[in-house]
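Structures given as structure tokens follow.
Two complexes are shown next, each including subunit A; its partner changes from subunit B in the first to subunit C in the second.
Then we have the complex of A and B:
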């Protein structure tokens, strides 16, 4: 019916949408293209080459970036796993725990790391480790990441659990499953799409973090973002564009997995 | 299918009520110790005395706040006159963040509306396209922006190639660059909540308005916009709050002259030159500002909810 589409659509909105996507993708596209540039200068185009990719792995800065990558990925993996486990238990209490007075304060506490500006959280964490006399390094980064990853893991899990009817667990318990069995065998598998989304989001947020890491890392320990930042301060070099493009690839893979998982409905 | 949904007034699901205290313990422990306690500690530090090699001396002092708000002359013994340096930095940050929010809204609303009115299949793909940049490392996105905007960068090459300008435009290290950077960083945050709100909007209302001879733009302004206002407010907060405390965009794109709150705070903790209590005080002021914004919007949201 033409009248229906007529009230829904506005002229110009499509153009703005295209503009929006161009703005979002143009910088990324340009850097991806230039990462394959054969030239050592970032301004001149000299043809396609994988030179800067091999430079990342074998060049003079390769040891630094390798260590930074190991730190980044191991921290992201551990922090996201721990944060997801904590988020699952918290979501079970909040969504399936009935009404209780600690419910809202718990929700507030869990979302606190998103409410507080990142730079403020960074300052607070630095001051905290300084006050208790804890030497800054790998461990301080890890602990800080676990804390601020919790809300990102929590929100998809809560959303998922709210969509699962509690009759599933009740049926299991009516059939003499213990509470723990009902949780492990019924609720947990049903929640899996939410858990995977939460884990991936937490993982990416940890991998992404620059500000908090920069404050709590101490001397000598670098993650990919802090190493890239240090390098970019002296100007953008082609090897940075190669690293950026590879990290871009990681993000695209993660978001694709998350997208596929979100379409997966296992409650039917 | 809303078994676990805590319907207001309804009975919340309580299958695991007996275990809830145990289940909550890990999150409370981690967040109290590593988020709440640090913020409290920061408040304490903002009232301590500065140690010259970084760190603090445990002696009560209001010096940090005094330095922020008061100009006491060259020797620090004159009566307090308002010190504008830091207030101006805050003011500029609020202005920049506000502008970035308005710009994001102008592009984000039509985008969100357009996506929400597609068929269900294509809608998912559009949302996917908007989500990807949000998952890409913020530092990498900011560096990409810096690369694009450079004096000899692709954007200037394009403009010169098209004959729009002869000399490269100086965009990098200006307010405009910071603006573009902030806007680019947080645009997906604007689109997604508005999209969610428009998707729930009942389009028979628009049809009713059209039947009653409302023009399309009047329908948009008086029917659609009020209905999706919660989504717009959420989007604006999600752009404004992180923009206000942003560090990467002003630092990498703005250069030394376009200082924002984030850089001011960061500088206080860098190496031995900093001033920890002052940095803590500036952070407290920023936190207070953000909490005020959240509080005002929360009461606003409640009022609109009550009206419908």
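Then we have the complex of A and C:
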């Protein structure tokens, strides 16, 4: 790259970059560091300890958090799986379905929820469940999560699929594979990195959703984000920081896997 | 086609349109069982399109195609006893070479072990056994092409469609593969429909050739037919090298046409059906059927040598005729050929073997 066009030579570039990084990561750093604090105060440092991590698992709130974690992970797993299956079907139809007139509108409709303010989606989903008389509880959360996870699962899958030449499927059918066999033996393996990536993204989005979940959950059913919010309302305790740090860890791992997988090439 | 032979592929008035654009204009031809049939034509003339229609990846806009007597529209691609060597190979990138070659057999219901054994044999045939465990991306273009060939041959189809299967190979390997392909075709009795834009390859390998241009069938015949009796100017020009001289047909008498060159010189040749007296036409004369000499023995054309080119087996002489037309003469560089070499600027006389000239319309 020419040094003249290199953004690093722009005045103030370095300062702005550092400022952005600090604003983004300082709160996370504070939470992570203080989760290892031995003190019961969230502002006074009294030395390293894993006290609050053990409090999460054994403390007075542990039963509540355990149930919330089970709910969160089971909902994320099911919602991400179902959303991914729907996304694969949709991507196959939209990318391989030829030029049907609903092609562009469907593409827009599938990805639109990402752009819509989440609060609008939350209210709409709640009204929908009320309208059909669906009692709020675990199931309403699950259904809502499936719905809003679809676009997140869809995008990486579609991106991957667009890069796959359709002569592979033609070659498979030329070699006596039925449409279904061509899909299963050729298209699906080639799409797999996109599918895994889409699944992980959907999983993360479901795991840390708060707004929609808070609207559609029934009384007594909590996920980790709503449980944390509930605890925080009674004052921030260091055990919240420990939970948050663990969630952060899970997110980082998932996003990293998702990124690596999207670059992964099963053709080498 | 002789009577009594089975027709493998019968194309009747097939038309292919992409929207407004007509890729194939009403083509009719029959390809016999066990035949080595070649579609020859310049880029974009519709060769791949026709193959894809036979394989089932393009629908037929109008007309019909029959495969061993069955109307093709009724058969989805995977039910047609046809395999294709794709122009871009289309090897499955996530499978090894061995899995690629065995794929068709597995889909036909053979066990994995059976498919593997046969795939191994096919790889031996194309001399790629040592690459069995690799992925396609780890092979050179020429090696991939041979894998594509092995993959298409493995299920022993009745008809094999080959879309420029040798284009990525170097000259030596290509020659070897041409012989190998011809051999495989004769051994297996599979009907080959071979696409190429290399006229020499078409002439060497085919039982019959269909010459196409701009979506139209120009001529259908044996390599000899097409080379020696081209039906129109396009075919004469496309197949081999030829001299095309503009002439006016003076009169036609007893199957012999008397033609007048623009310089006023007269030449006679066999008349063609489509040529009427007083019309403009082209004389096509192959360079190897012309002889250079010093003597003005009639009916020789006076010419001036522009260039003499030594090409190893041949000597090619480029000349300018009176009144401007250019002409090429090729003589064999052997005791049989006339080894006379003319210096540029020298005058010479160009004589024609009897029956060498062919009268053509556009």
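Throughout what follows, the second predicted complex is superposed on the first by the 252 of 268 C-alpha atoms of A that agree within 3 Å, B and C clash if a C-alpha of one lies under 4 Å from a C-alpha of the other, contacts with A are read in each partner's own complex, and residues count from 1 in each chain.
Assume contacts are C-beta pairs under 8 Å (C-beta built on N, C-alpha and C of every residue); 3 or more make two chains touch, one makes a residue touch a chain.
Just so it is clear, the model here is predicted, and its values are computed rather than measured.
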Looking at the overlay on subunit A, is there a clash between subunit B and subunit C, or do the two fit? fit
With the two structures laid over each other on chain A, which partner does A:21 touch: subunit B (first), subunit C (second), both, or neither? first
Could you say whether A:96 touches subunit B, subunit C, both of them, or neither, answering first, second, both or neither? first
In the superposed arrangement, does A:173 touch subunit B (first), subunit C (second), both or neither? both
Is A:125 touching anything from subunit B or subunit C once the two structures are fitted on A? First, second, both or neither. first
Partner chain in contact with A:40 - subunit B first, subunit C second, else both or neither: neither
Taking the superposition as given, does A:165 touch the first partner, subunit B, the second, subunit C, both, or neither? both
Draw lines from the C-alpha centre of subunit A to the C-alpha centres of subunit B and subunit C: what angle do they form, to the nearest 10°? 100
Considering only touches as defined above, state whether A:113 meets subunit B (first), subunit C (second), both or neither. first
I'd like to know which partner A:10 touches here: subunit B for first, subunit C for second, both or neither. first
Enter the shortest inter-chain Cα distance between subunit B and subunit C once the structures share a common frame, rounded to whole Å. 9
Name the residues of subunit A shared by its contacts with subunit B and its contacts with subunit C. 165, 167, 170, 173, 179, 182, 267
Inside the complex, what are the residues of subunit B that reach subunit A? 1-6, 11-24, 26-28, 30-32, 34-39, 41-42, 45, 55, 107-108, 110-111, 113-115, 117, 124, 126, 128-133, 135-141, 143-148, 152-154, 183-184, 187-188, 191, 203, 206-207, 209-210, 216, 219-220, 241-242, 244-245, 247-248, 252, 261-262, 265-266, 269, 276, 279-280, 283, 286-287, 290-291, 294
Looking at the complex, which residues from subunit A come into contact with subunit B? 3-4, 6-10, 12-14, 16-17, 19-21, 23-28, 30-31, 34, 42-43, 85-87, 89-90, 92-100, 102, 106, 109-110, 112-113, 115-121, 123-128, 130-131, 143-144, 146-148, 150, 161-167, 169-170, 173, 179, 182-183, 204, 207-208, 210-211, 214-215, 225, 228-229, 232, 236, 240-241, 244, 247-248, 251-252, 254-255, 259, 263, 267
How about subunit C: which of its residues touch subunit A in the complex? 55-57, 76-78, 82-84, 86, 88, 90-94, 103-104, 107-108, 135-138, 151-152, 155
Contact set on subunit A toward subunit C in their complex: 165, 167-168, 170-179, 181-182, 185-186, 189-190, 266-268
